[in-house]
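Here the chain labels run A, B, C, D, E and F in written order, and each chain numbers its own residues starting at 1.
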Amino acid sequence: MADEMMEPGGGGVTKKFLYVNRKAPYGTIYALESLEVVLIGAAFEQDVSMIFADDGIYQLKKGQDTTASDMKNFSPTYRALEMYDVEKLYVEKESMDARGLTPDDLVVPVEVKTAAELGDLMENQDVILSF
Amino acid sequence: MADEMMEPGGGGVTKKFLYVNRKAPYGTIYALESLEVVLIGAAFEQDVSMIFADDGIYQLKKGQDTTASDMKNFSPTYRALEMYDVEKLYVEKESMDARGLTPDDLVVPVEVKTAAELGDLMENQDVILSF
Amino acid sequence: MLLHTINKSPLVNNALSTCLRMAKDGSGILFIEDGVYGALTGTEITAVVEKAMKTKKVYALEPDVKARGVQDRVIKGVQLVDYSGFVDLTTEYDKVESWL
Amino acid sequence: MLLHTINKSPLVNNALSTCLRMAKDGSGILFIEDGVYGALTGTEITAVVEKAMKTKKVYALEPDVKARGVQDRVIKGVQLVDYSGFVDLTTEYDKVESWL
Amino acid sequence: MKFGICINEGPYTHQASDTAYQFTKAALEKGHEIFRVFFYHDGVNNGTRLTTPPQDERHIVNRWTELAEKHSLDLVVCVAAAQRRGIVDADEQKRQGKDANNLAPGFRISGLGQLIEAGIQSDRLVVFGD
Amino acid sequence: MKFGICINEGPYTHQASDTAYQFTKAALEKGHEIFRVFFYHDGVNNGTRLTTPPQDERHIVNRWTELAEKHSLDLVVCVAAAQRRGIVDADEQKRQGKDANNLAPGFRISGLGQLIEAGIQSDRLVVFGD
């Protein structure tokens, strides 16, 4: 999605990268540009996890149609993450419940975890990028 | 505070202008730049009111000292509003209570009104600018 | 009467809550942009919005609802408008307060 | 353990609330920018923060506290740090999670 | 009716500029008059001609320029906000001693009084922001 | 220790750029190494040399340029984010066929991989944003 000007690869180092997504799509650009980071980052062959919490879960909502608002519908791109070996997608149970959402509502398979479980996961990372 | 490139005056028309301030100072620039609008607007001799609600009330907090953060302390400017005939400053009672603030905490005299009273005031305006 | 626009998700920000404290009976509330998450069934603020609908007219901007894929979850009785309908609302009400 | 930074006022935004759901006992919470309004006595979220202080260490960035004129209202036990102290915290904790 | 439009956020970053554009376009299509579109705060960033968005995305700046051309819109960028953010026309370039300018066609830079005037002269002032 | 810094908001608009600057300066004064400062999202707007803030305010862009000069900092502006927002250096100007550029001294434009690399190479990556 973006021009890339350096050779990928982390010089043999593999770190645990966690991306925390808490912003709704479209209202602001954070969701779209964060996804660009994840896709570029995939070339570096790090150990990647993604957490979706709060309105960030809405990034994955099925049925997005931006025709009438003339914005770019980037939700299909989440389905491409698997091809980039980004497969550890977690959604927070408490945020799902607050929105009445279930995994069936989402464009990709996700694992539902409680806030406490995600807190453990966070502590177990090397680099956290939050958007 | 800002360069001004047009002749002031509303062509004889006087409207009721209401500025609604709901953002905290310093974290974002809205409070500072909104104050610039009010000052410039004063030259147009309109009937001006200002509402401070939510974290916007913190714009008026006494004792602001930006030395260590190297930002511009613009809180003294609120005291100049009176010279510009901007004297109708209202703070929302509910927001004050939620923050444990009283009029004594603020750099300018304000009138405390309930949300319901401010709702009436809003309905009675011609132009509302919210920041 | 005023038309109030809400463009922030009430699930993460308090703008709707302050708006509802001040909005008079008979005024209109239009959810736009991320605010449309406030017009949905099954969320933790659905009851708040349904209560507001008893005394105020509630609208949501359909292009924003569709962009977010939530068109099948809009609370019954919330009126969907397109951009043309948004313009009409601003003329039908006396003025607009944007709850930024 | 993680150092969590909160830069939004917990009086208008839910970032602190989500942070507190996930933050483990023993982790640190640093209020910066508009987040420092979360470190004050007498507000509607004071009790939430005081409860968190029983299991987590809570800090606030003093330059931001002073800029906002709330230095006389910081909850007792909240440790004030300057920018140099902020840097130290990021080295004392294992990594930083910014709750944007 | 006569509308004034105020836009407080930059292109792409926040949907405010998109919504304001669609609103303005719809108002014009319905025969309303747009007295002025005023760009304030980060809204001034809508007025740079140096953007190159991805080819599969809308070009927000060009879209404003084209709408202004078609309907003789008055697109005003606030000078004070523009100075803080580096939006510069030829006059400002000279005045501030800069070596380049970046204002897009169809926009002009002027003072905050233009926003107040829009409030006075318009039947409705609609603010789009964050 | 080795730090990576990521800045997601523009100058003046949001305090993120101020906080990041003060943090970076303090880290350098304590003898830490700054591997890279990466400007993403609206953070790219910190990299324009066309700003003229009021004389009684700090000059955020110049402050970065001076800090970079003094400590040989690597200030990287994300190319994709910069294209959306109109931040352009001489190379980009040529590549995109623009008639001007606005990148401030001390900054360079490069890809998102530079952010990932900062995450890999630094002991701590600290994000400042909204």
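Criterion: a contact is a pair of C-beta atoms (placed from the backbone, for glycine too) under 8 Å apart; a residue touches a chain by one contact, two chains touch by 3 or more.
Treat the numbers as computed from the prediction; the structure is a model and nothing was measured.
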What is the set of chains touching both chain B and chain E? C, F
Self-contact between copies chain E and chain F, residue sets same or different by half: same
Report back the single chain whose CA centre is most distant from the CA centre of chain A. B
On a CA-centroid basis, which chain has its centre farthest from chain C's? F
Looking at A-D and B-D, which one has the bigger number of contacting C-beta pairs? B-D
Could you put a whole-Å number on the gap between the CA centroids of chain D and chain F? 26
When the C-alpha atoms of chain A and chain B are each averaged to a single point, how far apart are the two points in Å? 40
So how far apart, in whole Å, are chain C and chain F when each is placed at the average of its C-alpha atoms? 38
Where in chain B do residues touch two or more other chains at once? 1, 26-30, 54, 69, 71, 127-128, 130-131
Scan chain F for residues touching two or more other chains and write them down. 8, 12-13, 15, 22, 41, 54, 80, 84, 125, 127, 129-130
Among the residues of chain C, pick out those that touch two or more other chains and give their numbers. 7, 11-12, 14-15, 33-34, 63-64, 82, 95-96, 98, 100
If you go through all the chains, which pairs of them touch? A-C, A-D, A-E, A-F, B-C, B-D, B-E, B-F, C-D, C-E, D-F, E-F
Residues of chain B that touch chain E when the two form their complex: 1-8, 10-11, 13, 15, 17, 29-30, 33, 36-37, 40-41, 43-44, 46, 127-131
As the complex stands, chain A meets chain D at residues 20, 22, 30, 53-54, 92, 94-95, 115-116, 118-120, 122-123, 125-128, 130-131
Can you list the residues on chain C that touch chain E in the complex? 7, 32-34, 61, 63-64, 82-84, 86-88, 90-91, 95-96, 98, 100
Name, in rising order, each residue of chain D that touches chain C in their complex. 11-15
The residues of chain B that touch chain D in their complex are 24-28, 54-55, 58, 61-69, 71, 73, 75, 98-100
